[in-house]
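The two complexes that follow have chain A in common; it is paired with chain B in the first and with chain C in the second.
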Partner chain A sequence: MNAVQPDERAGLLVDVRGIGKVYGSKTVLDDVAMTVYPGEVVGLVGPNGAGKTTLIRILSGMSRPTRGEGRVLGRDITSTTGDVPFLGLMVERPMFIETLSGRRNLELLFGIRGVVGGATAVDVLARVGLDPADRKPVRAYSLGMRQRLSLAQAIGELPSLVVLDEPTNGLDPRGIIDMRGLVRELADRDGMGVLLTSHLLGEVEAVCDRVILIHGGRAQRVYSPKDADARAVMVLEVAAPDDVERVAAVRTLEVIGIDAPLRMRIRVKKAVPEVVRALVGAGVGIEAIHRDESGLERAYMETVGAR
Partner chain B sequence: MKQTAALIRLELARLFTSRRWFAGVLMWGAVGKMAADEVGGYVLGAGLGAWTVFDAHAALMNNGFFVGFLLLMTFVLIACDGLARDRETRLAHIVVLRAGNRWQWWVSKVVPMLLAAVIFQAGTLGGALAAAAYEGAAITRMPSMFALGEAGVGDASSQLFFTPAEPDMDMLLREIGASLYLALGFAAVGLAVLALTVRYPVSWLPGLAVVAVLLADSILGWFIHAQWYSWVSLPYRLMEAAHSAAVVDDPLPLWSSYAWWVLLLVGSAAGGAWMLKRVDV
Partner chain C sequence: MGVGGSLRHELARLMTRRRFMLAGAVMLVAGVASMIVTRGSFISLPDIDRSIEYTGSMLWLTQIDQTGFFFLAWPLVIGGTLAEDLESGLAALLITRSGSRRRWFGAKIGAAYISSTLLLLLVAVFWLIVAAVLAPWDPTHAGGVVAWGSQLATSAPLVLGLVVVLILGLAAAATSAASMLFSALGAGRTVSQVGATVLYLLFMVSLPGPVNPGDRASMLSCFAGWATPIATVTYWAGVLGLTTTLTYALLRVRENR
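What follows is the complex of A and B.
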């Protein structure tokens, strides 16, 4: 997948190869390889039934692969000893002890590992945007509040790896923005490796360093929003039809697609200010130019649509 | 050890804050009232004079329908689907990760369930005592004429079977003993059901399993000799009077029932742990 040298593997949080999972005659995962580094946010994207949740279950020690090998936080994923890695896991549609408050749930959960004190529950609830003084039982929580509580339990003990399954599910727009900031903070400030799944491609593209596109149980390709290649793609809107021909004549860029009569995608070959100067010099009437944020969407459609 | 204790604390919180215990309270009251009505009416009819609060419990403990169906089913529905439910709701994922290994998680499911069996029987005892007191039974620890078996212990017109008490017996201790015996039986059945949900993690399975076992038990009763049936029947073995020569012709040795329940307990605990290490959570 990504080019990792053997001496770099020691620092990897997730390093698995050839993962396969078969239920009866149904192959759910086939030959999946992936890595996650500390401080990196990796997205796992694919249609429903692509195998994302199965992969997460294998990585978190809840399920054993039928084939493959590798380690998650040093734990052999094929282990039959029943041990599980010390990671934070946020599951989709989370349930808790419904009769207790969110804070009491966290205190009980954090008490199991015993690596953080009771005050952590208060701190982490505030960090995810829940009121630590709220004594309401979890059964009265909205889906968004449950998601926040689920995130709190996943990150509260500061594990080196956090796995977030559909973290934005049920969140309002403000919650989605908060979640995006928090995920980046976990990686950039706390140095955690984050593996997340989501169907919101724009969010994944905005927050992830690397995205694995999975379809039909196979990791089809890796998309890196921050790669120079991806960042070189811009959207250009021009004022008049004649400008389209003028753009094509500019040598510091390449037109890679025309989305509408006056809007095109270009790949810049020089720094953006230099390209803009060249466009102006060629007499192009520029209405707008901005970085293309739909690269993942196109990669997704190419991957899923190709099968 | 500290981690196991914390896991058990979490499971205790989950199990004992469940609103399903309201069903238990209702059932304790209902069977207590039915047993008290039956004993009270019988004592009055037989002209035995006063009866005590413990008589209702003694009769209840030996009523196959109450013990082997109503109470057993209620207990299983309250206390034995924790593992399946946690896996369905994915609470299991965030707990198992913290447990560090699945063995500790299994222990944290087993211990509260065993405790629940004891508490459930304490509730049954309390319900029977309260219902009998409400019906006018005397509150004394001395055995009544009824408890001494003065009117016979197996009247064909009623379901009143029980082992007659000794004249100087403390009825409270006797009924606590009977409750603990039943708690052992319920714990063994409960653990077998819990182990079953390791392999088949669906929350409706415990109730279905009990119904299936009781149905199979009834069908078996039609086809095999009564003496053999008494050895293999689960509800029959739950009844304390099945071990009394004063009540049945071929009583089961008490040691055989203890052995049966302990074997079921140990086998289910070991089998559940073995399976849990191998299944997908």
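What follows is the complex of A and C.
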């Protein structure tokens, strides 16, 4: 999937190839390859039943692949012996000791490894937007608060690799924005590798460096929102029907789709200010021009929707 | 990464359950009521030697012995955590932290034993105080109700009580391990808990004395030749060992599925 040179592989957090998983006669995963580098956010996107959860189970050491090879945090994923590596996991249905506070839950969970102290629980609760002084039992938490607590337990011990399964599930808009910022912070500031799954394609596109589109157990495509190719696609809204023809005549861009009578998608061939100058020079009435944030959605529909 | 942290987590999980506290409260109240009734029934029987049956040590030991039948309730009180772990994905969180499945599972079994033993010890101490208030404490009289460890009953009833509690904790761990076996077979939390209780009930009505869990749980009042202390410890340790080995093997099979 990625053109990774052998000397680069040493720093890989996840490096698996040809992963297959068969349950009885049903093939759930087939020839999946993926990598995750430190400081990188990788999205795993696909419809329900695509094989995402199975892949996460394999990567986290909870299940062994039927075929394939590779390493996660240096551990051979086919190994039947040895310790399971520590990675931060945020599962879809977070479960805690209901009668205890969020802070006490974290202290107990962090106590299993014994690497960080109680102060970490306080710090990480604040980082995810929960009040460390809140003594309320977890059973009184809203779904959003549980999600934040679940994220706190996943990142509190500063693992090299964090796997977030539907992290925005149950969050309000503010929570989703916070989560987006936090995930980027984990990668950019803390240098963690982050693997996340979500059905919110806009969020995935906004936060991920790469997105693996998985369908029918196969990794069908890798979409890179930050690739020059993806970033060159803009949405242009014009003032009048005549402007559409004028746009088509401008050489510094290519019209790649018309979404509405006065709105089109263009691929810019030069820097945006230069393209704007060319449009104005051609007499185009520009109502709006902005980067297209729905590239992943189109990639998804092309990959999954067509099948 | 040690077992200590995993054990602490599991213990906190079990011992903060409302049903755990409820079980303790029921045992306390039912035990006191039972001792009052037991004392009353002895008083009302004219042919019983009052000087023996009145002793607080006998009331106390008899009550602890009766607690043995509580083993059927343990899967409901402390069982079900394995099913919860497997259903919710919590297993992954705990295993990756403890570093291995063995440590994670070992902590579950350890917590089942420690939590049930601690609860039994707590109620035993409470009953001890109540028994001493209800009747004179005279350990030199064991009476005819203690067959198992009768020498200890007349010399050191507290030691005998402690031994019985430790073994009943083993029985509790064995029965709750049966609920884990159900979970490893794929049953949900409720089925795992109720299934283990039903299974042991079936064993109680179908198996002969030496291997009957009900007879093994009522150790002090069992007069059969096979009801020796060593045999009882071996029995419950064997049941626990067999159940946990099977459960762990099934968990490893699930991993490959």
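Note that the second predicted complex is superposed on the first by the 306 of 307 C-alpha atoms of A that agree within 3 Å, B and C clash if a C-alpha of one lies under 4 Å from a C-alpha of the other, contacts with A are read in each partner's own complex, and residues count from 1 in each chain.
Convention: contacts are C-beta pairs under 8 Å (C-beta built on N, C-alpha and C of every residue); 3 or more make two chains touch, one makes a residue touch a chain.
Only a predicted model underlies this, so the values are computations on that prediction, with no experimental measurement involved.
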Fit or clash between chain C and chain B when superposed on chain A: clash
Chain B versus chain C as contact partner of A:99, first or second or both or neither: both
Overlap of the chain B and chain C footprints on chain A, listed as residue numbers: 57, 60-64, 83-87, 89, 91-95, 97, 99-100, 104, 108-109, 111-114, 153
In the complex, chain B residues that touch chain A: 2-3, 6-7, 9-10, 13-14, 17-19, 89-103, 276-278, 280-281
Touching residues (chain side chain A, partner chain C) in the complex: 23, 57, 60-64, 83-87, 89, 91-95, 97, 99-100, 104, 108-109, 111-114, 153, 165
Footprint of chain B on chain A - complex, ascending: 57, 60-64, 80-89, 91-97, 99-100, 104, 108-109, 111-114, 150, 153-154
Complex contact set, residues of chain C against chain A: 1-2, 4-6, 8-9, 12-13, 16-18, 84, 88-101, 255-257
